[in-house]
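Look for chain A in each of the two complexes below; its partner is chain B in the first and chain C in the second.
The block that comes next holds the complex of A and B.
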């Protein structure tokens, strides 16, 4: 049987064409525009060389802060989702009548829109009328009240907590699938040998979950680097520029009409993610060769 | 020993319930406050309303332009997901069957899109050039383009599990490639088609970045942007905003409850396989 004839490549041209036209080609086009002063005020386009890229490093612009914030968001949400997701997976793989129901509840924020989650938490975290501060008052813990989304010391903690609340169910589900794939005999043998629960987690579950952990980390990274929704709705990058990330920055430039600077930020993110992906893929290939 | 074990069992059971409740709490606050009067909802507490203000929902329905935005969301979600299912299944079939360089490169190139950031401003330029900006067709095509990479990844893995002997038998019986795909392979792909459709539908339903950048006429807005706009106008009336939030989330929660099998299946198929 001739594979070339039986499986014609043109079957894939529809998906390839649409993806190229509306996703990949604009990335290249954006690279071109990042060398221009394209904006919404004047129709003509001038080449400005590297001026947009130099703007990134000027002291009075927030762009480097956006970049740092993007990394910070990515690192901490990945860390928390992985740790909490693992703990939840351990808790909900126990044999229990309600485990399925509990799992469904914890997963459910995943299917809500970021916009909805953002609005809900803007209400809950409101300093004077929000549920969190009211509850603290009611419990006599009024001293713990905070301006959760406007205080510089708390804004990132709040954002990371909300994002973890929304995304941890996904990580949990992946880990549960991973834990269930571990042969029961491993744990049985360890129990016979007198291993404690903690020892079994550290010596059996975690090493066996390494593939799941890697997949989850890659997913969390690619989500984190591109984050926009949750931050736009919760703080719109505020107070000031304190919680701005790359993609909220792109939207700010877009709203101002400074398209050239906006595509420059997108282009920087594009190359950064491409570089990170390249290292991840190379790392995985190396692992495969070893194994 | 036995006492200790049943104690630890009970405390873990209690912990499970507490954790689940913590995840349910924000939803409960919104649901309760959506039935409060304006004055009661000035404090977003868990206190139950004196009487159920169902009128909130009527008010939201009238003020929030809900039917239009609902139909728009349904069109974007169903239209783009159907398009993705058709394009991606057709693409995944030869790509996962052939072992050549070209098919490998095409697969890798498209799946790269699961990680790459969209260049929204440049997309605007392309949409303008194609006369797709601020049109419903443009939205459907754009959502399809965004969802293609992850969908291809999921479908590719599934097709590799189908035995090649099926293809061989069909070809010997005289099937052309198109017949082989449509008559023989496509029917076997119903489970993965459902998964891809449900996942894409939810992603599209929940999105609000695309309309934020590419739609300026309110008549074409999806539900998410409608609710955001509503929030802008009625910020101080959290009972109304809550009701709007409930109505916007309801469709996607229903899809989740009935399509759970496909969603979790899709996630673990994509993730555990790696």
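The block that comes next holds the complex of A and C.
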């Protein structure tokens, strides 16, 4: 059997070794530490069983809130980036003036660092001196002014909007590539048959874009679960703990010196991301088989 | 011949220039990590840094981080072995180990000449197990409310001496369209001051309270005045006495707000007034002070320590760090620092004279004094920024006064257990 293969199995041992050392072994180590009281105050390490995991569900800790917030952030940013990115891709693949220029403008936030985006939007969204509320006032729409980053009702909407603004350009580019790969003859045939624009989008573009949608979804989901920077810079998890996510919790535990608890949070996050990614990739494979 | 000489000259010049460039390339730069509040607003430390560079060629690269993020960031950097060459941190005897891990992360300064010249009262704040690890400059820290005397006279009100009066004058100020109290939550620490600076008040009805708290013989959440004060803070927020955007304010904005008459009072360090008068000369002689009257407090809280600078023991440039500390501690530079920082009314260097304005000194002399809670009770200062978030959650409507108290208490338990404190067994 092996003799018929282009390369022998042992060729992969180097890569497998590196993978084991740099990815697999640290994961196992993390799992081990989550069952200990590893911290920065004492050199010894004690086995504490499931105590750290039980702490996650204690009433007076914010971890469950962080977990819910992470899910909320992931779901809504994925949804909005996909919908808006798709709409923009449709717009800019039609014959429009300066389409390339518009694509560049929409993609440009993608290359900015989260720190810059966070600081700029903190300033723009300041309730009394920020551009957004001042502009609303100038337009006579003062009634729409909000405390964007400190009001419980608005903080998540603001964070999701900023993150969507930053990431939508990338999604748009993936969709543009997918749309351009659809043979023009499909649309031409549909037009001859009298199909409307909406019918062509629903019956031709979307089914043909399923692989792109899957790629975008996996990328956005894994990004969403790992989010840290944009939250840290925009709200520092506030007001209070309202916009904290799993990774702000991990950061807090590590800075407190409670490495065991920080590792536990990371472990939970790791298993969750693995499970979700597995289901999405399975879904992708099923679609590929159907295709 | 001339051409040959010219060639040699050019060659020699090129050699000198390249040697210079090489030497320049080798010039030492010391990273100095700090939070915004770690450096005086006057910029005097940066000026001293520039003087030091002129004198020695060693550059001080200031890396300034927002207050709300510095404590966690510094701890994370220290634990990851990535701390800057010099780092600034708030220092007190009880939290020093938690903050900077002096025995494993900081240079031992015990043998340095300047250590003997610092006031002995501040040494415990920068020492661990008998060794001195930091250098500090500010004198004792006192927080008071500043108010605009002209505005008070115009409204016919006077400085309050209890909470009821504080609330009544705030109502009058608010009715005049001015924000009564400038509060700022963005820095993360300012809102916490009334809780723990009022520690001496708590001791008036519970003798030996600090010792009981340290021995875990009394729970912090059961201090009645602490609950009263948190409730009063919430009441002020609900009544709109902090203004409507206080959760987005930064404390640095208070100078402008008071100078422009947009806010009437602000809780600040005792040196704030002289800095405000320097930056806004129209305020000269117009600022009065009163002790924070939350919970009917009339005792002035004293914190013997403030922020301090530490040298990174893992730095490649320990000799240069010591050189910089010695430069800062030189008498002429201490005086320069005092003269160049209007906020520094006192320094913890007995060789530098204090410069309290007479009216402030007279007012403070009449008051009882006591040590603030964070300087005497374990696991208080280490959770300062977290308490800031607890209060922020309370102001946002996400938690209650009781929940804030329970969280503070739970966090003390958590920290004590993590450090295997024998009193928490």
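The working rule: the second predicted complex is superposed on the first by the 258 of 291 C-alpha atoms of A that agree within 3 Å, B and C clash if a C-alpha of one lies under 4 Å from a C-alpha of the other, contacts with A are read in each partner's own complex, and residues count from 1 in each chain.
Operating definition for what follows: a contact is a pair of C-beta atoms (placed from the backbone, for glycine too) under 8 Å apart; a residue touches a chain by one contact, two chains touch by 3 or more.
All of these numbers come straight from a predicted model, not from anything done at the bench.
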**OP:** Using the superposition on chain A described above, determine whether A:152 touches chain B (first), chain C (second), both, or neither.
**Re:** second
**OP:** Scan A:41 for contacts with chain B and chain C and give back first, second, both or neither.
**Re:** second
Subject >> Touched partner set for A:92, first chain B, second chain C, both or neither >> reply: first
**OP:** Scan A:225 for contacts with chain B and chain C and give back first, second, both or neither.
**Re:** first
**OP:** Report the partner of chain A that touches more of its residues: chain B or chain C.
**Re:** B
**OP:** Check the residue A:126 against both partner chains and state whether it touches chain B (first), chain C (second), both, or neither.
**Re:** both
Original post:
Just chain B (first), just chain C (second), both, or neither: which does A:254 touch?
Top reply: both
Original post:
Once the two structures are fitted together, what part of chain A is touched by chain B and by chain C alike?
Top reply: 126, 251, 254
Original post:
Given the complex with chain A, which residues does chain C contribute to the contact?
Top reply: 68-69, 71-73, 75-76, 79, 98, 101, 185, 188, 244-245, 247-248, 389-390, 392-399, 406-407, 410, 414-415, 418-420
Subject >> For the chain A and chain C complex, residues of the former touching the latter >> reply: 37, 39-42, 60, 126-128, 147, 149-152, 232, 236-242, 251-252, 254-258
Subject >> In the complex with chain B, residue positions of chain A that touch it >> reply: 1, 3-9, 11-16, 18-19, 21-27, 29-30, 33, 88, 91-92, 94, 96, 98-99, 101-102, 104-109, 111-116, 119-121, 123-124, 126, 129-131, 134-135, 138, 165, 169-170, 173-174, 177-178, 181, 211-212, 214-216, 218-219, 222, 225-226, 228-229, 233, 246-247, 250-251, 253-254, 259, 262-263, 266-267, 269-270, 273-274, 277
Original post:
If you look only at chain B, which of its residues touch chain A in the complex?
Top reply: 12-13, 15-17, 19-20, 23-24, 26-27, 29-30, 33, 42-46, 86-88, 90-95, 97-100, 102-103, 106, 109-110, 112-123, 125-127, 130, 141-142, 144-146, 148-149, 152, 167-168, 171, 177, 180-181, 202, 205-209, 212-213, 224, 227-228, 231, 238, 241-242, 245, 248-249, 252-253, 255-256, 260, 263-264, 267-268, 271-272, 274
